[in-house]
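Okay, so subunit A shows up in both of these, paired with subunit B first and subunit C after.
== the complex of A and B ==
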């Protein structure tokens, strides 16, 4: 029973946070909503006894992504009058809800049908040790390829960031 | 869960909360007194309660009263978002406090066949928890600086964020080399690893096994706490007070206390990872339990000597200048404190003598060993807190570009090199 209460609370947090990110007008409130969403997801991982995912979620998403997002919002520093004018806002909301409703129903049906079809986890599943072992034995090739992908992304970011300087050298 | 384990768990949580929160006034006082010592003056020593000054600790409580009754001021643009403005320092404070909760204060207590962790949060991924929760604190600073709508605050927030992000790399890599050495991410297992010796006679402390990683991690932890010489985020000579410029009264105090709790946590992590945690050098928990009566008799002899010297020091120093005729109750304070100290010594000695007559390995011995380890841990913690304070008042504040150069050009390559060397030694030589 306590799990269900915690799950409900975390779900509530998640939904309210996500809605805040979309609806709130002040960037500060948006950012807090984003933080709440990420923390709630971390809490869901903790509830499932996935200690490594829980810590990675806090370490990467909360510690790095939120901080970087904040810095971006902070540097751009949008004023409310700079927001684009949203005419037909109500029409858009109603139309989008009607369009996505069937997919929601599909999602609900799928989740209900597979809810009890998952295999039971063993003891220690999801701890840092178990994740590390499976990552470096069964999944070592995808893992290393992923690191190449990250390297490519980093090089790309540096090149985009240095664009103006590169032009200077050429001219 | 038996009653015993519930009692031990509750006691541990209370101990952790006390160690983190009650340390704040002591650290504030120590900061000012050590600063005074370094600058050849006295620092706060006059405030008293009924004549008891306790060297001036009472000053911190006076400060608390001042901060609580101070005018609450909000910048005019805050308006409805007031709760967000107040939330920012709370995030910083809470993350520093939570990160402290995974530090083991003593070895696992084994009583009547039950194994209980002396750790407020009994988790097995201590160092990851510290890295994860510790990195949340910067969000509070960035939020606060941003919502103040003040150029100085904004600059301070940006500085603290960029500084944290750059040093988190060096910190993480330094910690990785320590994880390679210890083969674990559990703080308690790390301390166990450090109970042996290296080269036959030195205690196997992390700082002696991995000096380079120790330097890198300690410097990075200084940055994590945002203290001088890495306090560009609140450089008062350039940007007033950085991210906390617009914060007043208890909101400011929240940031202030958060800094001290973070410093305390960083000291605890340094002690646990590099200086043997709760262990006395050369004496592992098993040795202590097996030869407890010898240890107890050493303490029985050493404690009165130490107290005697302390009382003599207090009698000599707890006076006003000789030219002043009134002593404002200082002799009275010295007398009362001497009596209290002597009574405490007698009680502790009697208890220790009683325990040393009991057979080895009894429940009382185990509990006594745990208490001794907690005392050792607190002593090491205080030593490192004082180290933090001395460094702050010795080194001038680094310029912003110096901070970044140190992080990216020196610490990051050094920690990478250290990982390679460690990996080669651990995988190639030892296995």
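== the complex of A and C ==
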């Protein structure tokens, strides 16, 4: 059962990366944990036979989002004394975990109650062809709306990122 | 195929819970941003799992659209972090209270 071993390794990778994101103090360390999580999620997509999602996750999340995050972290370039003072970080994290745990259990039970065993995979499941057929027949409107959203996000990011006086209309 | 869906759903729930804890307990705004991304990725795992369980490509298509939304969110959030840092010289989320408090001046 090689799949079980791969799943265990990916789960370990995912949990350790996620804990690094939440616990580590330096933003660059957090970004490396974030990278590990995104790679593990891509691996889970591959285990689920979603080959196109695996590719998209690697291209977009790992290739664009993590690189952008790292560039911004390196641009901001925080000094050690500029980190936010978090004196009771451990207490906060434990408290929030205790608060979240029952909701997480509820979520897990709800999800599992509608799941049964995986069926046999048909040929071509999760391939670019199957995803593309579904995307351009049943999901055309969400796809077009997403393109508008991306355009708006790009324009907004440029406007927000400008210098302060550039959009000060009153003066 | 010996995999069962429970393990995928458990991993997704764990990832979502860790992301929620990060948003609630940390003050560094980079950590808040990455925790939001963790929660979005947990949703993606659930969508892919159900798409596989119920052989239908709709779930994968929604997951693909969510990957696009994640990219848009990252661009906006990071531009906002840079702008806020330029203004206040800090990344402490407690310092960004311009919308919560009335400014006297």
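Everything that follows uses one rule, which is that the second predicted complex is superposed on the first by the 150 of 171 C-alpha atoms of A that agree within 3 Å, B and C clash if a C-alpha of one lies under 4 Å from a C-alpha of the other, contacts with A are read in each partner's own complex, and residues count from 1 in each chain.
In this text, contacts are C-beta pairs under 8 Å (C-beta built on N, C-alpha and C of every residue); 3 or more make two chains touch, one makes a residue touch a chain.
This is a predicted model, so every value here is computed, not measured.
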Superposed partners subunit B and subunit C on subunit A - clash or fit: fit
Figure out whether A:141 sits in contact with subunit B (first) or subunit C (second), or with both, or with neither. neither
If touched residues of subunit A are counted for subunit B and for subunit C, the larger one: C
Please indicate which partner A:95 is in contact with in the superposed arrangement: first for subunit B, second for subunit C, both, or neither. second
Could you look at A:44 and tell me whether it touches subunit B, subunit C, both or neither (first, second, both, neither)? second
Of the two partner chains, subunit B (first) and subunit C (second), which one does A:31 touch, if any: first, second, both, or neither? both
Touching A:5, do we find subunit B (first), subunit C (second), both, or neither? neither
For A:149, using the defined touch cut-off, is the partner it touches subunit B, subunit C, both, or neither? Pick first, second, both or neither. second
Thinking of the overlay built on chain A, is A:86 touched by subunit B (first), by subunit C (second), by both, or by neither? second
Just to be sure I read the superposition right, which of the two partners does A:64 touch: subunit B = first, subunit C = second, or both, or neither? both
In the superposition on the shared chain, how near does any CA atom of subunit B get to one of subunit C? Answer in angstrom. 13
Both subunit B and subunit C touch subunit A at residues 31, 52, 64, 68, 73
Per the touch rule, the subunit A residues reaching subunit C in their complex are 1, 3-4, 7, 11, 14-15, 18-19, 21-22, 27, 30-31, 33-34, 37-38, 41, 44-45, 47-50, 52-53, 56-57, 60-61, 64-65, 68-69, 72-73, 75-76, 78, 82-86, 89, 92-93, 95-97, 99-101, 103-104, 107-108, 111-112, 115-122, 125-126, 130-131, 133-135, 138-139, 142-143, 146, 149-150, 153-154, 156-158, 160-161, 164
Note: in the complex, subunit C contacts subunit A through residues 1-22, 24-28, 30-31, 33-35, 37-38, 41, 44-46, 48-53, 55, 57-58, 60-65, 67-76, 78-83, 85-87, 89-94
Which stretch or stretches of subunit A touch subunit B in the complex? 26, 28-29, 31-32, 35, 51-52, 55, 58-59, 62-64, 66-68, 70-71, 73-74, 127-128
Hey, which residues of subunit B end up touching subunit A in the complex? 81, 84, 87, 123-125, 128-129, 131-133, 135-136, 138-139, 142-143, 146-147, 154, 157-158, 161-162, 164-165, 168, 185
